[in-house]
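All remarks here apply to the structure that follows.
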Amino acid sequence: MIDVVLDVISWVLLALGGACVLIGGIGGLRLPNFYTRIHAASLTDTMATLLIFTGMMLQSGFSLPTMKLFAIMLFLLLTGPTATYALANAALLSGMKPDSGVERDRGASGGVQ
Amino acid sequence: MYILVSIAILVTMVLALVRALLGPTVYDRVLAVNVFGTKTVLLLSVIAFLYGRPDFLDLALAYALINVVGILAVLEFFQDRSRKQQGADND
Amino acid sequence: MIYVFALFLLTLLVITAVAIVRTTNLFVAVMLTSIFSLLMAANFFILDAADVALTEAAVGAGVTTVIFLSALALAGDVEQPRLGSRLLPLGTVGVLAVLIIYATFDKPRLGDPDAPVHQHVAPWYLEKTPEYMDIPNVVTAVLSSFRGYDTLGEVFVVFAACIGVLFILGVRPPGPAAELPAEPSGLRHHLIPQVVGRLLVPFIVLFGLYVQFHGEYGPGGGFQAGAIIATGVILYALLEGEAEALRAVPRSVLLGLVVGGALLFGAVGVVCMLMGGAFLDYSVLAADPVFGQQMGIIVIEAGVGMAVCGALLSIFHAFAAREGRP
Amino acid sequence: MSQHGEAQLPAVLLLLLVLAVSWVLWSGLYKPLLLGLGVFSCLLSVYMALRMGFFRNQAMMSLLPRLPGYWWWLLREIARSSVEVARIILKPSMPISPTLVELASQADSEAGQVILGNSITLSPGTVTLDLHEGKLLVHCLTRDTARELQAGEVSRRAAALERN
């Protein structure tokens, strides 16, 4: 009984994770500029990673692969935002202006402030 | 189910590849590479399970640990360049 | 299903390759190359070649990108416009492609057990590995024992390549002249990468050593381990600067690793001869030939790992030292 | 910044323990030879970490006990904002309103600031663009997320991590 429940939960998690991956990919194409695309990437980086790895860990039960999966997830969640930060920071330093909506509308993108 | 998830990941890899080819800025491409990297880790883990060979997870672990090095190298590359340009401007 | 995946990834591989050839911005080419490497590793993995995939991962994820970018920093990132007509190269490539496609008609089906390549020595290796050295990973057995001469040759190729790069890039001997880095390179004001990176480095090193010593049981071995550990040190160099990395792991240690690794490999062979066996026949190393084989494999894998790690780091430092020079 | 001599024994032992546990769990083989090599590997890794100034900032240690609770809160936060971002991406009109927010970190220690910066990046919809001397520059996908960020719950919780 408990097995079936675990199975169902892990399938749901995996399906949600797959959906997250897809949505992130679509967002990466649809969103209009670099800084907004980062958000789509972070959707797949964090939520999809969490869901898919949790799903797989539930499937494999308490075993050594589970520990390896946990380590992979932990390192991904540690390095993912760091890489994103490094990239965003490189773009910022090189003078790419984020379009900042209403507060600094127009002129902000592409011009000198 | 694993097959469905891996198909979703493969499709996203294609989308990321399209983004890497379209650009338009260099950073978009680096972002696409980064997304591609995480997707590879996911794909490898999922396929290791699909195969029923979880001992192959070492590969995903390797990527999870060292993928960030490439992106940090990119950050340093751009910093170096902007520093050199500033130096050239000041001269 | 797996073959569909492999085919799909191969298609992406071709698309990426074409894009690499067509772009004139070399930085973009480097980025696409790292996608190419990821795809390649996934492909190897799907085709069940985990050892090769791990090599691709260990080298492609960190070291290649870093060294390519160092080269770009020296050379500029715009491709020279090409001169002359494209017809001749296009024709050559076209003819070659047709020839290769023609040659594949004779190729056995993928995974066909009756293919000639599976009739020659492979079954013998598979059969004898448990008997001679009792380790699960046949790839490691073939690499380090059955074909130990080849691997010895490869280690000396790595050794020679390292010496060649050092000669070409002309590193000065470590003396007073080399001690004046005007400003520390590395990332400044970047707390997040620095703190996270510092946390990662011990785990990368440990994982590298894990790969090193589990070559007999799972994917891995000296080549991959050397590359992974080198990546860990390169990460440190990126975060804290060249000089700091050279302080933590001095150049003399690196050269010692390269030379020592190659010599260790050769020395194992000589010891085998002294103990009455053939060159690189590890069976004589212990009273029990199986244990002797295992010991021999562990020691020569360590030699390979040391040589690769030292060579990659020396090359990296050679590029970086060149970069810092006006 | 001197890096030698100031390493505290508890921190070194903790790292050694974590590395040893990782080795045992990754390896899964308990032969004496491999365990011996594992001891050697862990010691070598710790020695490398020592040489590379791993123990330079001590604040990390004091954060550890409160980390699980923080992660739990962060997890729910991530789940909530993921749904939001997913909805925005899938809507045909894509109602985004990118906003920049400058935030002063309430956490003083390096580790606390890093946790704050990375938590912001981890939750979809907000990305840390710059972290310098306790000031964060954050890019938000919508104005609502920006307002939420300025309310400062993340910052408060990250700062609470280091309070003893």
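Here the chain labels run A, B, C and D in written order, and each chain numbers its own residues starting at 1.
By our rule, a contact is a pair of C-beta atoms (placed from the backbone, for glycine too) under 8 Å apart; a residue touches a chain by one contact, two chains touch by 3 or more.
Keep in mind it's a predicted model, so treat the numbers as computed, not measured.
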- By CA centroids, point me to the most central chain in this structure. B
- Task: Using the touch rule from the top, work out which pair, A-C or C-D, shares more C-beta pairs.
- Result: C-D
- Per the C-alpha centroid definition, the whole-Å distance linking chain A and chain C comes out as 30
- What whole-number Å value describes the gap between the mean CA coordinates of chain C and chain D? 31
- Using mean C-alpha positions as chain centres, tell me how far chain A is from chain D in Å, no decimals. 15
- Task: Averaged over CA atoms, how far is the centre of chain B from the centre of chain D? Could you give it in whole Å?
- Result: 20
- Task: Return the residues of chain D touching two or more other chains; collapse runs of consecutive numbers into ranges.
- Result: 22, 26, 117-118, 128, 131
- Query: Which residue numbers or ranges of chain C touch two or more of the other chains?
  - Reply: 190, 192-193, 196-197, 199-200, 203, 207, 232
- Which chain A residues reach two or more other chains? 19, 24, 26, 38, 45, 64, 68, 71, 75, 78-82, 84-86, 89
- Message: Considering only the defined contacts, which chain D positions touch chain A in the complex?
- Response: 22, 25-26, 28, 75, 78-79, 82, 85-86, 89-90, 94, 96-100, 117-118, 121-131, 137, 139, 141, 143
- Item | chain C partner contacts - residues on chain B that touch it in the complex | 3, 6, 10, 13-14, 17, 20-21, 23, 26, 29-30, 32-33, 36-37, 40, 43-44, 47, 50-51, 55-56, 58-59, 61-63, 65-70, 72-77, 79-81
- Could you please specify the touching residues of chain C with respect to chain D in the complex? 189-192, 195-196, 198-199, 201-203, 205-207, 209-210, 212-214, 217, 232, 236, 240, 248-249
- Which residues of chain C touch chain B in the complex? 1-2, 5, 8-9, 12, 15-16, 19, 25, 27-28, 31-32, 34-35, 38-39, 41-42, 45-46, 50, 53-54, 57-58, 61-62, 65-66, 69, 72-73, 185-187, 190, 193, 196-197, 200, 203-204, 207, 211, 218-220, 224, 228, 231-232, 234-235, 238-239, 323
- chain C touches which residues of chain A in the complex? 75, 78-79, 81-82, 85-86, 89
